[in-house]
Structure formats: C-alpha cells, structure tokens
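Each of the next two complexes has chain A plus one more chain, namely chain B in the first and chain C in the second.
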Partner chain A sequence: MSETIISTQGLLKSYSGKPALRGLNLAVPRGSICGFLGRNGAGKTTTLKLLLGMLRPDGGEIRLFGETVKSEASSIAARQRLAFISEDKELYPYMTVGQTIRFTRAFFPTWRRDLEEKFLELFRLPREKAVPKLSRGMRTQLMLLLAMARGSELLMMDEPTSGLDPAMTEDILQALADLAVSDETTVFFSSHQLMEVEQICDRVCLIDEGQSVIQGVLDDLKAQYRRILLVFDAAPPLALAGLPGIDHLRQRGRTASILAHNNVDAVVESARALGAISTEVRPVTLKELFLDHVRGE
Partner chain B sequence: MNLRINFSSGVPIYLQLIEQIKHAVDTGAVREGEQLPTIRKVAEELAMNPNTVARAYRELERDGVIEVRHGLGAYVAEPRASSAKSIEIRKAGAVLRPAIEKGVALGLSESELRRVFEDELSRLVNDAIAARRRT
Partner chain C sequence: MLWYKAWLETRWRFGFLVGMILMVWLAPLWISATGVHSGVPAARQWMGIQLGSVLLYIFTAIYLAGSGVNSQTIYAATSGFHGSMLFTLSLPVSRRRLLFVRAGLGAILTCILVAIMAGYILFLRPEATSAIEAAVYLTRVIVCTMAVYAVSVLLACVLDEMWQFTGVCFLWVAVFLLQSRFEMLSRVSPLRGMSLNCYPITAPMPWAPVVTSAVLAGILLYASVLVLQRKEY
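This part shows the complex of A and B:
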C-alpha cells in the first residue's frame, strides 16, 4: 500500500485564461479504490484528461507509477500500464461482443484470457450479441472487460455507473472488489453517486474549484468528522464561530449546527461554556461532507 | 454469520464489521476454531472494498478475537478474556426476553420496542455521564 500510483503536485490548467485547476495535489496508493468527487465543473474531467496525456498542464507535476510524466514518451509508457473508460462508452457498432474482444485482444500481447473468461461469466455477456443491441449496463461491462483483460495496473473511469440500474451497478462494484483483491489493481473513478462511492471506495478525493478540499481514507474521515448540534436559550453567541477546530457553522434561530474534525470534545465543552443547553454529537455521512465543503458558507 | 453493513450511516465501515464479528463470536454464532469467510468472499458478497475488510480482520487479530493462519484464512481464536462476557451476554438475553415478550403482548411494534430500549439505554448512559461530571 505504500507505492503511490497516481500523484500530482500543484497541478495547474487554464482554458483561455479561465483557471480549471488551481494547484491540485492528489495521491492514490497502489491497490486502493479511490472515488474522485466534486461538482460539475470542479475540474474532474480536466484532471483525468491531464493524467491520460490528452491535455498538457500549465504547471505542476504528474507522476504515474512513480515516474514523472513530462514528455510524450513517458506519457505513452504510463498509458501502456493503465486503462480508461470514458463516460460516453464508445464501441465499434458493427461488431459483436466476441468480435470486439478478439479485435482488442490483438493489440495487447499481455492479454489475460483468464480475466476475459471470468468477466464474460460474471457479467453474463453473450459473445454473439451485436454491440448496438447492448444495454448501457452491458456496454459498461464490456468496456470493463476490455480494460481489465489487457492486464492494466490502473483503471481510470469517468462516471462508470451513471445511468445504470441498481442491479447492474452492484455487478460492476462486485467486479471492482474482485479486481482489487486478486490483482492489486488500482482504481480511480469520478462519480456523483455518493452511495456507491461509500460502498466500494476505501479512499476519496473531493475537489472544488480546481483544488483538493478533502482527501484520504474514507473510514478515517468518517472517524474524524462530527456533526455537533447545539441548542441555546437565545440566539447562539457569536463567539461560537471563533472556536478552534470548526470547519463549518450554520445557525438557525436558537440552534447551531457545526461540522468539526479532530477537536470535537473541546468544541462541545466550549459550546457548553458558552451556554448551550443541549448538545448532540452525530457521525457525518459522505453526503454531508460533500455538501458542507462544496457549498461554501 | 450474517454481515449487514450500512454504508451511508457515517459509522466507519471497518468498525461496523468488527462489531458484528465480535457480536457473532460473543453470541456463539461462530465458535472457537471455526473459519471466518475470506477477505475476498466478504468483499465480493457485500460488493465492498477488500482493503476495508482486511483492516477489520487486522484489528480483530490484534484484539485476539481471530487468528489469521497464513494461506489458510481467519479462524475464531481460543476463548479470549471476554469469553466470560459471552456468557453474560447470553444471561442478559434471558433476562430481557420476558420484558420484550410483555412489550409484544402490549401490542408494541418492533421499531417501538427498539425505541423504548434505546431511550432507556441512553437515559442510563446520560445519567452515568452526569454522575461522573458531578464527582
């Protein structure tokens, strides 16, 4: 788990003067499944394109598999070890499932027949079915098969399960769990489906306005952050906002809702000292972390 | 062993796994020497992250609840210090059962019973905290 597969330092990218990434720092260790979160326009797709060498950064550094990606040659070397599944999931329309697999297999000397068979069976994909007749879920599954049977060490995906029904999504998540166990494959995918991210990811990275705002092991984040609900006799005192350890504070009437990390007990004690008549500490869901950090004040 | 994880409860998932496996051991649902499902099996069945399952197993091993035999899998360890506790838990169940049956006879639903239990429990806990603060 120590080797860092994806790493960016101070990544910068602007589109005609408009900044998309403002110094993005990212670190994804080998064998982890990392969910890449953020609002539309936060910079997720730009980041994926930079990692794939489809765009060049204006500044900062990208390292893949521990090697700096600077030149076209180093980018190609990295791309040989990774696979990408885009959101639109384009496939050749005039082929069947079996033909698509045979066609793709020919490009990759490291093709894994065992993985091909395993995924065909797991996804119950019929070889003879024509690509245009595949459902959206089956297209995703076929692309996952093509990406993984190449023997990729890193799988990147842009919203892999958008538009899939819950049963299909569960099949995809199961396949990802399987990949992470068997081959230590590292998975990095953007998603708006916070529930599936909570289910399958051990790490998350949340970006907003081109910068990372939360990053780390999801269970550790859940252990650190707490929602503190306070009730006062009158309007909450202004001093509340100045307490150390508070990430966000929202007040409504006589109540205050605080998102805090690390310093939770001290915050509760201080709130009592400031006259809180009721205090309640609750765990925080990924959705709350997301909303509190990307909505601003 | 029936593992049920609430992925969006905000409670760390590895802690939920630890609690449920400890509970299964304490109640005798899995016994000393019996094999636990492999990390792969748990991860695949629940479609969850294998690193998270591995973390729960590591902590359970450290706490002496399970024993990991390399290449063979994880087994419930020899009775730990809390084997006395597992007897106490079964005793407590026997004490609570008539109370629960009475509640059912009074027409309370499962969720109402749960709420009564949790209210009483949190009252006890709050009293204990208040008592500690007074001293």
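This part shows the complex of A and C:
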C-alpha cells in the first residue's frame, strides 16, 4: 500500500462559532493527483489553510508526509517539502521574475537549477519582467516553476485554473499531469471545474458542509456508482426510498432516478418487484456524482 | 533573502522620509536667511525646532513600522484576498523570523533617521555640545522613539495599515494630552523623554522615560510575536 501524504482525522474548524469543517477525514496517497471538490463554502480553502498552518484546527489531527502537524516547527518541516499556489496567485509586486526565483531559491537547499531553466524556457518567462506586468496565467506558470524547482513532494493548489483562458488552462493541466508522472509529485488541488478534474485526476475527494462525502480512485467510484432510471404505471411507490444501496432518489411524475452503488442488481430487482415497468442502468459521470451528493436530494 | 525582501518593501518609505527630512532641514536655514522670526526669542525658536523634530521622530517610527508583515495583505480591505501573504506563509519560515526581519529592518532604519535628525538638531545648536551631551541626547531620543515604533509594530500585526496609522496617532495624542493631567504618566512618558528640557538641549539623561520606553518596547515587540503566531490568515 502506498504511503499517505495527506491525512486528516476528524478535523474541526469554526469561524465565530459557525462550523466550517465538521470532522473531515481525508487521505491522499503519494504520487496521486487528487481533485478536492465541493460547493462554495464547503470548506476546501479552510482545509488547505489548515494543512499549511495558516489556520489552527479546533480539533482533529493533521498528518503530512506521515508526521503529525501540531506545532509551528512541524508545520515548517512539512512546508519544506511542499508548495502551495493560492487562488489569487499573488506574488511580490515589487520583484521581477528573476528576483522572485532568487528569493524562493534561498529557502530550499535542494533547489534544481536545471528545472528552473527548463520551465523558464518552457513557459517563456523573462527573468527581468516585473511581476505586476505578468498576466494571471504567467503568474500561475511562475508559481508552478517555483513549486517544481524546489523539488517539492506535494503541490497544493486552490483553484489553479481560476481566471485562465482555455489555452492557458490546458497548458497548466498538462504541466500538472507531467509533474505527477515524471517526478512522482503528489498533486492536491481544489476546483469547481469538474471537466478538469476528470481530465487529470486519478483520485477525488468531495466534501460538503465540512465533511467528506465521497473519496477514492475516480475510476473505482465511477465503476461502483450507477444511475438507475425507473418508469412506473403510477407515481413511484414510497417503499422505493427504503431499498438498501440507494444513495439518492429523485422522483418526477411516474419516473424515478436512483444513484446507487455496490448493490445495483438487487436495487433493480427490488424496483421490478415494486412494479417498475421499465428499468435502465447507466454509468455515472463525475458531475452526476457531485450534483447528487451536494444537492442532497 | 528575507532582509532583501524587507528592504524592497521599505525602500520607498525610507526614500520618502529622507526627502521629507531634507525639506524640513531647509526650514531653519530659510528662517535664518529671511529673518522672518528675528523678533522671536532664541529659546522659543528652539522649542519650535525641538517640537517639530519630535513630531518627525514619531512620524518616522509610525511610517516605517507601517510596512509590517500585515501590510502585505494589499487587497484585504477591498476584496478579501490576502495578496502575497499566503505565498510568504507557505514558505518554510517561522512567523517569529518573519517579524524579526521585518521589524528589525524598520527599527534599524528608524534609528538611522532619528540619529541623523537628532544630530542635525545638535548641529544647529548655537552652543558647543560635548560628546557625552550628544550621546545622552541621541540615546534618549532613539530609545523613546523605539517605544512609539513598538506600538506601531504591534498594531500593524492586528490592523490594516490605514487603521494602524490612525490608531497609533490617536494613542500618542491621548498620551500627550493625559501626561499634563497625570504626574505619574508625565514622568515616564516616551514623549516627555524625547522633548524633556527642550532648552537647554543638554539636560541629564531622563532615566524614568528612557527605561520605561525600553521596557515598553521590549514587551510590545514580544507581544507582537505572540499575536502574529496566533493570528489566522
């Protein structure tokens, strides 16, 4: 079994008494690209900030690289091995690209000059250009360069493609996928863009109201879950909701749409026994999984 | 590199203060050249220069402390973003070290400017000043200014810059007004330490305000570290 790079157990965080995280359990194995999904206010950014030591948890445990993070010293040790790209992608406005690289390099003894040169050329970032003159996409690329050249084992990002045009988004996603493959860097990023997550992630974690509702290998989740569409002569019977294995049930007129996992055949049999005149079983998309879980229908 | 970053963040403030001090320095020369205040007794002219210099010391301390760790939250007031602060906090550096470097550079620059201004005051003084008298004056002015600086650093850790600046100004205006009403406060006030016995300038060392200022600065800077370590971003 691969090493778990990020692990949280029962993580709690409130803002002025209002809970943001309600016992979040999270596990991200080494080398994976994990998409961290959830609605606005679900607790994604709070989780990232807790992992980085910018916020203090009210309860629960955080482990990074197998070590418990509960003091500033342990947080600094973890930050030596990771990189973070915030949603606003702000760097120091009074520095140039070259100064920003020199500044960041000073904190990482294992800095790789070869990767610095490679990504400067790949992203076509001029060293002498001032940071405020960089586009948002170029700032993202510069932050990726800073993350990669320091030799980080874990890259955490908050909405990495937010505000980028489609071409730049594609470049960034490709760079992330290459990073995970070539350097075995673990990538953990929050996003609202389900298409992007499906495109590059091998794992997903979906949180809602501060709790994890689904997490695991994306292909496994898609294989486990099925959409079952049922048609009845009349309104679907109430007993349908009580069938074991049903995650979510949506009824409209004479039809019912069920999201089920691990017990699909039995659900279909039971539905037929309850009078379903037509049954159809379909694979689900990540979007369907997301919507069914966060809407709570 | 943190010192380099701190210098890049502070250099424009430092340059602005140098420019302002140069302009203020021209004032006494202009006054003596035009003779517009020739009827004013020397002692009162000195009082004016001394009070003006105290205001400059205070402004220097507040302005250089204003570019503190918190001031990186450049968009905080308007958009809820944290600016480059999140990048800084994601680096493997303790908050104590961040504050030490940032406040340390500000303190060094404040001391340099205050020493230059105080040295100019001594230079303008018509009577000769001994080395000991000059050392006493520089020490008391610098130590007392550090108390103002430390208050500004503490407020810069908890407030956005605009409120930090306003808060420090209100605080010291309150101290200035209250020290005339309360004898105890008057004896230990850093403001009194800066301006005590304006004329003649070479009074003995006012130990009470100097020691109070040094202790206050130490306590407030330590409190700033504690505040910053507990602050959530």
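Throughout what follows, the second predicted complex is superposed on the first by the 295 of 297 C-alpha atoms of A that agree within 3 Å, B and C clash if a C-alpha of one lies under 4 Å from a C-alpha of the other, contacts with A are read in each partner's own complex, and residues count from 1 in each chain.
Keep this in mind: contacts are C-beta pairs under 8 Å (C-beta built on N, C-alpha and C of every residue); 3 or more make two chains touch, one makes a residue touch a chain.
As the structure is a computational prediction, the values presented were derived from the model and not from experiment.
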Looking at the overlay on chain A, is there a clash between chain B and chain C, or do the two fit? fit
Please indicate which partner A:D88 is in contact with in the superposed arrangement: first for chain B, second for chain C, both, or neither. second
I'd like to know which partner A:D178 touches here: chain B for first, chain C for second, both or neither. first
Tell me the contact category for A:V284 with respect to chain B and chain C: first, second, both or neither. first
Would you check which partner chain A:K70 touches, where first means chain B only, second means chain C only, and both and neither mean what they say? neither
Touching partner for A:K133 - first (chain B), second (chain C), both, neither: neither
Return first, second, both or neither, reflecting whether A:R272 touches chain B, chain C, both chains, or no partner chain. neither
Rounded to the nearest 10 degrees, how wide is the angle at the Cα centre of chain A between the Cα centres of chain B and chain C? 150
Considering only C-alpha atoms, give the closest distance between chain B and chain C in the superposition, rounded to the nearest Å. 26
On chain A, positions contacted by chain B and by chain C: none
Okay, in this complex, where on chain B does chain A touch? 7-15, 39-40, 43-44, 47-52, 55
Touching residues on chain A, where the partner in the complex is chain B: 1, 31-33, 170, 173-174, 177-178, 180-182, 194-195, 198-202, 218-220, 222-223, 282-288
Listed in rising order, chain A residues that touch chain C in their complex are 49, 52-56, 72-73, 76-77, 79-80, 82-84, 86, 88, 90-95, 99, 102-104, 106-108, 143
Over in the complex, which chain C residues touch chain A? Could you list them? 1, 4-5, 8-9, 74-75, 81-84, 86-87, 89-95, 229-230, 232-233
